[in-house]
Amino acid sequence: MSTKPLEIEKTNLKNLNWPEGKICALAFGWHVDGEAGALAGEPGNLEHITARSEGAYGVTTALPRILDMHDKLGVPGSFFFPAYVAEFNPEIVKLIKRSGHDVGLHGYLHENVFTLSEEEERNIFIKSYNILCDVVGERVLGWSAPTWGVRKNTLELIAELGMIYDCSLMEYDEPYLIKTDKGQLVELPISPVLDDWPIFGMSISPAGGNGVNTSGEMACKIWMEEFDGMRQYGGFYTTTFHPNLTGRRGRLTQVYDLLKYMKSFNDVWWTTCQATALHVLSLLNHTSGGAMKG
Amino acid sequence: MSTKPLEIEKTNLKNLNWPEGKICALAFGWHVDGEAGALAGEPGNLEHITARSEGAYGVTTALPRILDMHDKLGVPGSFFFPAYVAEFNPEIVKLIKRSGHDVGLHGYLHENVFTLSEEEERNIFIKSYNILCDVVGERVLGWSAPTWGVRKNTLELIAELGMIYDCSLMEYDEPYLIKTDKGQLVELPISPVLDDWPIFGMSISPAGGNGVNTSGEMACKIWMEEFDGMRQYGGFYTTTFHPNLTGRRGRLTQVYDLLKYMKSFNDVWWTTCQATALHVLSLLNHTSGGAMKG
Amino acid sequence: MSTKPLEIEKTNLKNLNWPEGKICALAFGWHVDGEAGALAGEPGNLEHITARSEGAYGVTTALPRILDMHDKLGVPGSFFFPAYVAEFNPEIVKLIKRSGHDVGLHGYLHENVFTLSEEEERNIFIKSYNILCDVVGERVLGWSAPTWGVRKNTLELIAELGMIYDCSLMEYDEPYLIKTDKGQLVELPISPVLDDWPIFGMSISPAGGNGVNTSGEMACKIWMEEFDGMRQYGGFYTTTFHPNLTGRRGRLTQVYDLLKYMKSFNDVWWTTCQATALHVLSLLNHTSGGAMKG
Amino acid sequence: MSTKPLEIEKTNLKNLNWPEGKICALAFGWHVDGEAGALAGEPGNLEHITARSEGAYGVTTALPRILDMHDKLGVPGSFFFPAYVAEFNPEIVKLIKRSGHDVGLHGYLHENVFTLSEEEERNIFIKSYNILCDVVGERVLGWSAPTWGVRKNTLELIAELGMIYDCSLMEYDEPYLIKTDKGQLVELPISPVLDDWPIFGMSISPAGGNGVNTSGEMACKIWMEEFDGMRQYGGFYTTTFHPNLTGRRGRLTQVYDLLKYMKSFNDVWWTTCQATALHVLSLLNHTSGGAMKG
């Protein structure tokens, strides 16, 4: 089917069977960028205490509150960490894991791979993977690209390290398979609609950005529309939320209400990125022909 | 009437007679940019798998859903393709044509002509025209400018190739006529108000953009206001919607409701760009003086 | 009072007496930039037919509709023209004048004076003043700065030519007086809140801009808030609206409703910029001490 | 607790005891940038009369109205001044102080310290501190960073001059302590959510900016959400509002209503930045172990 000149082989999994007869799947995702976001965007920010503090808010102030919300509502989460952030905040990473949530990799210092040579990318990738596995205490199975940077060798690196999924691309509403020279990956697609950066993002240094110009209520309206659309059209739904943005006090109370709304439907599989990838793989391995509906 | 120093001769068709006594005309339009948008904006994106996947979503995921919506509601559509996208996705282009919709040309790789010499523009134009006619299986009759790029020789090229309409300019609310050295064109005006890019557009690479910061409901409110305004003031209405933006699950359900609202009025001619242009030409050819109302 | 290092002498007219015991004054203002906006922003746009057509819409399509709205509602308007636009569209300028509205000057090709030497500025100013007076058939009495460009010699030029008001600065909510080496001016302050560019503006070439991302209804909500605020705090209210933006069909119907709302209060003086300036001068000349309330 | 590579030692004061058993604290803050904002952003704006007038509006027109609002509602305020603005508007600064509000320092000409050498920063800091103390008539106790510029030596300068608080960083929802080589500071955290610049900000010169595209009502909705969130999660709330933006007539009436809403709850400590810092210090000095709740 895919004859387009994109040098990766991929297979869409339209009509995938979800567990327990659910019609769609939701994996609430957070990118815990912490100070790494500010530092990757502008190296001079190493001395910029305000810019770093704005990122740090996500880790030390918002993240505990977010975990508490997940706990209260019984909603599993997928938390992606730049290894730098995990390295200096190991306790919260361990707590996330103990609480039954996912932990995924998100670069070392939130590097966009297009700013790196392939060798630099490889070295940073392996180093960050090892650090994060170390903090977590077990193998990390998935990756999400900082600043959407993914090239062919990036996907190969993920597979080569034994990870099973990537969570960075956007072509389908359902998980899809990607064949790389180093093995197959499950792709868990993200969406600009489910990213809080365009809505709330603001760069402290360099000063600028478009965000902060609408309410948490309006943001949740956007995310609710996409949720309602998923219930109609099927597929997978994962968010790219940043604790320093959406974990602010007033916004999080809106997200709390959104989650309660979403939980009022019983046809949605509440899952994590990792559990989704494992589900896809199990369908492929054990039932082959039966992976797809009817 | 037109004494302004714009080196094209044009004639407004204020008070044009629409078929069946309708008071205005609506041609729902889509720009199926696919990966071409990302590639034209930044050639380095050839290796940027995420940026390409975000564009590809419009073709492989959103477009079938959009066609289904048009089918369910009985609404004709006008679909403009960069020839590159048609070349690698011929089946969906053929399906669109078989379903009674329009197909129009939109560059080869979504080139802005102001980045090309006139000779380059000419070569690309003829090549892309031939590819698209080939995929469609018949002559393509209209063009819409990628990134609003139109200069004098562009309009001449359109006429020289035997196309009958351009759908890129913005001076009037009604179709108008443009005289070029190579023949006359029907101009079907577009509008910034009816473009989804300023509302939903976001550039993956280079990272940036203003969009995604309002709901599908608000976008449809904007488009509904202009529809209501057209019913009051008359004229023509065509949208510049992008499947990768407005074809997202949640947004499309809002557009579905908008279309149902629009269909509740029986004084609107539901048409395509091509049918509009043919209507205008038939009025001019067969009734001359009678083309305009009272 | 003014000890700040701004090299212009100014006197605020807080508590100015409005005619007929009104508590505030409203002069609906339009900047009819036409193609001049696109051409001033990017000289290469001379060949950019789309960019020019987007500007031209304001003159040939929106302006007649706007005049009709003013006429229906009995609302006077103040229309500022780049002389270039008046030169090539003299009939509509004359019609505006005949209908009892104001015409003011707005550069020749919408030049920002900070891109000109003082000599260039002077030559363009005099040339454009003469052209506009010629089209209008009488002396033009006021000026509004393209792109907010005003320097000391600009104000002197306005006074030297015998104009009585400037409509470009923003320090007060009430008209104020400015003393220049060439005479005194009435300053009629504008406001970013009452400018439609940040809400609806979009640049066709170079492609970009933030606008078009909210409804006409929301824009009118913003302008209504400021109107309600004026009725509470007093002062003057003039809009910087652009026919090609706010004169779009759907938006204008919203403005129509806004005007009806505004007209439902009988404590507002409906006026023009010129009439406001003449009123201020008459108070100063004839009643001196009585110009201010109690 | 803080093992992160940020070269400042800090202690969060989670669960701080607020006076009178209140559950959270609110210090309404204003940055009276006046003309300094325009001049710091672009030195050429010295001759740009419009850009300067837009800033001046905040001081001469909006600030008296804002003080009146604070007075009517009995709400204390914290007003930060670039010393340049205080130097040329000493009366209003003295009035603020006499009315029982705070005055804090905000640079001399709104300088971002990252554009200065450490020596330049030091000279400007001391000069501006002396000017402001002189105008106020007593020692000024706090500082807020222009354009969020804070580096290690900045915090040392604040402490060295005997000031007791900084109001620029963003890591926690509660006040926190910062240890510098020159002494300890109370940090009163600000938030991007409570800054009006991303919502209403617009640069006159260079022309640009994203703001002015939503209503005062929507802005107040954003600020109300964060207030409601504070009442749920506890902590401190201070605004970064600019008189020239939020002090516009229509917006201020919305803020008036917001304040009335906020005042309807009796579990909020209405305070100033200075009083908050003094409270924190008194808890630390006199009750040590008792500074934190149970």
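Some notes on this structure:
Each chain gets a letter, A, B, C and D, in the order it is written, and its residues are counted from 1.
Following the convention adopted for this analysis, contacts are C-beta pairs under 8 Å (C-beta built on N, C-alpha and C of every residue); 3 or more make two chains touch, one makes a residue touch a chain.
Keep in mind that what you see is a predicted model, and the values were worked out from it rather than measured.
In this structure subunit A contacts its sequence twin subunit B using mostly different residue numbers, the overlap staying below half.
Mean C-alpha position of subunit B lies 35 Å from that of subunit C. Along subunit A, residues 210-211, 213-214 each make contact with two or more other chains.
If you sketch which chains touch which, the chains form one closed loop in which each chain touches exactly two neighbours. Every residue of subunit C that touches subunit D in the complex is listed here, in rising order: 3-6, 8, 12, 112, 114, 145, 147-152, 154-155, 168-173, 189, 191-193, 195, 198-199, 210-211, 213-214, 218, 221-222, 224-230, 232-233, 235. Subunit D meets subunit C in the complex at residues 35, 44, 47-54, 56-57, 60-61, 65, 88-89, 202, 204-205, 207, 209-217, 248-254.
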